[in-house]
């Protein structure tokens, strides 16, 4: 039932000027993330006991608008939950997320200023941010996995689509984004459209299934075509690869 | 049981196992240098105040302080004259999340410089934290698997180096070309993450070019 | 961290409706009275002081909603309270002038007051003909006087020491049509009076009988001061009326407070 | 305001001295630069400095503050809206009525006067007909505020800086307060002049620039000329290319010669409704220290001002029929000044750091013996502990301590404000003086 | 060669305590320049936010802060220009960096700033050149030590870029009209030398044409330098006559605080 | 305020000394460019340029809008360069730094004012409808010579871009979606490139003590921090100068500028060929088709 064509791909620490960086592409999105920090925060921003987490989301085309600001707000509040902000008082951790490829709907000419929904991009942004943070070796309490699910009705029967395409989103009744920590806790949920509490719970369940199929944390559950890629495992393997390459000489 | 993974740019001086439960440290090359007591660092003097030098360890971070008396034989009467832009090789004497790090260029126990102090002339290269860590290992060749320096040395090049935990390497030699070669050798080893054999090849190549 | 970045609003702004003929005011008010004022303090718990003001309903109604924060800000150079009023530039500037006189600044060294006035609905009588847009100025006076009153209530509510509660009032020289002679009215409603010749808005400290801010504009005939003085007096009366409301409201608040303790 | 004029630091002693010397009643205030209370700073002025503009002027004060004003005019199509027609004609009629009324009989309203006023409305209409409005429609010359665009540029200040905005609005207000000015821009029913006034403070703001800017603007407007209209009635306007033939926006006249001369000029002027001999507004800065009223205060003086107001006046038509006119000595020109707008300026003194007598030192608080509070404690501050704790402190704060200057608190007395305005308007007063002065500048 | 700088107007020349200003007029281009300072570095921070700065003497000297204000009425058809118009900012930077090469900033110490406020009252071509000349003239007048005048001039080339005819002869000091039609460049040299401090060419032109244009411009610069020098000397004599020279000394001593 | 650490005195001295003797840290010749790479996205109008450690990504987008009233027969063409903290924390969002202003101005002059893109061809209905072509330039990694790399990226992206096809029946304008009709390329007139020369003072050659200016091409960030002045020359391979900018800085002999300009022509020709070749490769790739997924993966790198 998934529409994901290719599995997630990631590339870490490939930008030279940033402290940490990651390129993540999945479900039609390609996003480049860079993390700088901990660096000196500007006086007017600094928090005495904690690090300031600043998120910048930049669209591929056009200057950021309300849409990006909204995403930034969501990301900022989510990420500072998992970053050990208290480790770096008065410091600034700066996360820049550059969208390079967003799925285009072949059937409409998209305007530069897209007034359409913010949500579908969120999971990709979250993944990128987490990877970039790890590449920058910023202490985290947990990693995140996130998924977007569209609830659609086709010939009477309800159907939940994981990682829907632009086309499917158009048709969907409601759209939901969830993010879970690697402990399996729900850390972010955003929904828009029309849905009943019951529906939401079902979707939550399938999202949980998708993001953290096994909160117990053993790794041997790899990609499963039926449920789409297991991002938790993916994140882990990416990190393992990274560490391995860092310590190639050992 | 789930292991809380915390990535940190460098291993804390002693062991790889921290007292805290459910927590291990994973080394990685990336990230920004975070001062830890005992680290040897190379800093750039930013400016000097009444009895402190303010030293930059890395871009965009607040300066570390280096007391003007924390030098060998330094006294109220004769203090070292360091100007903005000078390089200094120092040890982190105080690192605390709530305060700017503090440096020293003298061993508090012996009162000797032990190689610390201003670095004149030469060239400063930026290297990854991982490479810095490897170069700083007691037996960098065996443990750290960096043989370029030894190779260059045995190739008959005369040069001196100092490595800072903050991802800096200082190279000096009478012959400018030598400095260039050493610099390139290390940085390429770092960027292309070369294995021992490749390092040797690289050195041979560079030395040939030089001649 | 404070978002200092540009926010592009949604594309395609909406314009307010314009009705082609002015709706007649529901209640005709005598020219020697001001519209009834509803004032309530302490409506925004998060702020250190706040107030809400609404005018009696004959259209158009104006409501100011002030929330106000007293926060410790390190301000090098200034060792006194400074008001930062965020509103329409000029309005804010004038309001600031009006309030600064009342606040006893040196009681709060090195700290600042942020006064945020939200004009929920202004007198801009949208349903009057376009041609009245020139009268924006007149309307601004009404809004300003409201802002002054509501702000001072909020300041008092915040317990910031003032020499007295400031109150704003407007009086105008109007004439229905060019046949009848112009008359002076308090608290003019732009829509009601076909044409306003001059108006003046003052911020007034009744007990000290002092004026912290005055804004007069319009065309007064000749060099004679009489009309001008009359206008001023009238607006002072308006201020006193407004002030009574403030005092009353504040007293009630105090009573409540004592009632609890 | 503190942003508009650079903040200057004076020692408490200096402040106390300034305040003291300025508030002397006998022999009157002593100003740092030895000026008389109603004396303006010497200034040099010239016009027509910018060939590319319709009018331009440059004034610099002796203290070095300097401003340049350029006026540019463009022909613009008038949007035809029924409302504007109605409103503006009314507006205008009312105005013409209001004048004679107030001039005589102090708002005694007898219908007869209304009669005669409507009459003089009519004959003004005739003027317009001469002025080339031959159209059958009894169309009155009218104007709309958005025919004028005024911009102020202060070095080092952003355009949206509140100070700049305030200045802009005050200058605009003065210009538009009486509907007269915009009417000068009327060409015919379909077209009007769009006038751009760009006011630029060249030097850094050494003192509060308002008066300077206003005077410069006034001068520039005096010097402003519009090409002579050649076309008839409502057809697309055609203009005389010959700049020499261009007519002044404010018709010139030697002040003594009466109506006749300027009447002829006027009929030639495009803006027919312009009342004879009317002059653009000027805005003066007046401040009060103690009981003294001081004009054109310098920065230092403002630093200790109790209150300051900006008063805008303009000169309206001066008609022979004025009863008072005889009483005026022949030497003083008959100027008929209108009060256009008054605004209190936030005196920087409020921000000037005060000198502190020991009694009010935070350390000394509470140690003093209580006296009866002279100010009302606001109910709020009463129920709020902080203020109530040290009422005695409040006393000393409000009491003046000799030799210590304190930032003024509260506002200005009603009478004082009135006096200030009156002083501006009085015959042979400062306003007239200034107007005469500017009149003197030859318009190159 | 015709250099239309004949109509300088020094009527407004004024020297007082800390401010000097100069009305320079080149053709119909009318520029006024005011030098303020040197004063505390941080003063420049809050006030002139839109100014472009450049450190002199490799950061060891005073900083130059240049801000250009183009009056809305300067051009034929009035246009309002935003403070941070990129074109203006570019010119500011060019002037700041250009002057930094000439000014002996170390006389003032690193924490001081010299503000150069340029007001364009009327604009008719060769704007950048005009601005540069005005600024360096004002700097000299302000008694700021400089190695030499920084002088600038525009040079154009007849016939459009497409035609590659070598016959096209260069011309000097263009006005607005010429600038719109012909390819041209602005050249700023250090005094009478051939040393190029700043060079800006914004139009499409054959590479072969460059040398000719530069040569012409360089000549123009020399002429401009001589002119500026003349102006300064005249004023010097004037001051001596008026006995104002004593005041001049006060001024120069004030600079050094 | 996050500030960039100044290079230490040792670095300054050493690099200058090395350059005077004709050496660079990475062993390049003084007039040698770093490894240059250019990749196109699977969507039209995305160019990803890598020059040593400098990396720049440009994306071109088109939309139908109303032309400016003062030029009814022209389309709208904008290049936006917003440097994000990604390149360096020194770049604050919406606080254009001097670097940014100069960069965007140079691109403006090089690409826009030199009519590389025929804006009249973007006009659909005079005074009513036209194409608005927008180039967004993202600096992903900043290690010097932003200008040259950016210019190349912009030109490449524009030449790679395809805008939706349109047709006019009577006075009704139809814009076809990619699904309906294959998009069409822009009408491109010439390809200008920027070459930036960085000057490092002079050395005296020969015993007559004649001074000669030293200059570098394609400087790294460190080198740029030490240069005394720079000069950017833009031209196309036909030897037409589109723009020359030497924004102040230490003076340089006029002769040197001329020498630079002729050398620039050589370099421009190389770059021009490089881009042509890459474009050719890409189109060949596309014609094969069916490899989009692969491409996208490639693009991510």
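Annotations for the structure displayed:
Each chain carries a letter (A, B, C, D, E and F) given by its place in the written order, and its residues are counted from 1.
The rule we apply is simple: contacts are C-beta pairs under 8 Å (C-beta built on N, C-alpha and C of every residue); 3 or more make two chains touch, one makes a residue touch a chain.
Listed by chain with UniProt protein names: A, C = Exoribonuclease phosphorolytic domain-containing protein; B = Ribosomal RNA-processing protein 40; D = Ribosomal RNA-processing protein 42.
Keep in mind that this is a model prediction, so the values were computed, not measured.
The chain with its Cα centre farthest from the Cα centre of subunit E is A.
By count of C-beta pairs in contact, E-F exceeds the other of the chain pairs E-F and D-E. Between the CA-based centres of subunit A and subunit F the separation comes to 32 Å, rounded to the whole angstrom.
In terms of their C-alpha centroids, the spacing between subunit C and subunit E amounts to 50 Å. Subunit C and subunit F have centres, each the mean of its CA atoms, that are 55 Å apart. The distance from the centre of subunit A to the centre of subunit B, each centre being the mean of the chain's C-alpha atoms, comes to 36 Å.
Within subunit E, contacts with two or more other chains are made by no residue at all. Under the contact definition stated at the top, the residues of subunit B that touch 2 or more other chains are 59-60.
Interface of subunit F with subunit E (complex): residues 96, 98, 101-102, 104-105, 108-109, 113-115, 229, 231, 235, 239-255, 257-258, 261-262, 265. Here subunit B touches subunit F in the complex through residues 44, 46, 56, 58-60, 83-87, 119-124, 170, 176-177, 179-180, 183-184, 209, going by the rule given at the top. Taken in their complex, subunit F has these residues touching subunit A: 1-2, 41-43, 46, 53, 55, 57, 59, 61, 63, 80, 82, 84-89, 93, 132, 134, 136, 138, 140-143, 164, 175, 177-179, 293, 296-297, 299-301.
Listing the residues of subunit C that touch subunit D in their complex gives 49, 77-80, 82, 89-90, 92-94, 96-97, 100-102, 104-107, 109, 129-132, 134, 137, 155-165, 175, 177-182, 194-195, 197, 200, 203-205, 207-229, 232, 236, 247, 250-251, 253-254, 257-258. Residues of subunit D touching subunit C in their complex: 7, 81, 83-84, 86-88, 90-91, 93-95, 97-99, 101-103, 106-107, 109, 114, 118, 144-145, 160, 162-163, 165-166, 169, 173, 177-179, 309, 336-346, 350-351, 353-354, 360, 362, 375-376, 378-384, 386-387, 394, 397-398, 407-414, 417-418, 421-422, 425-427.
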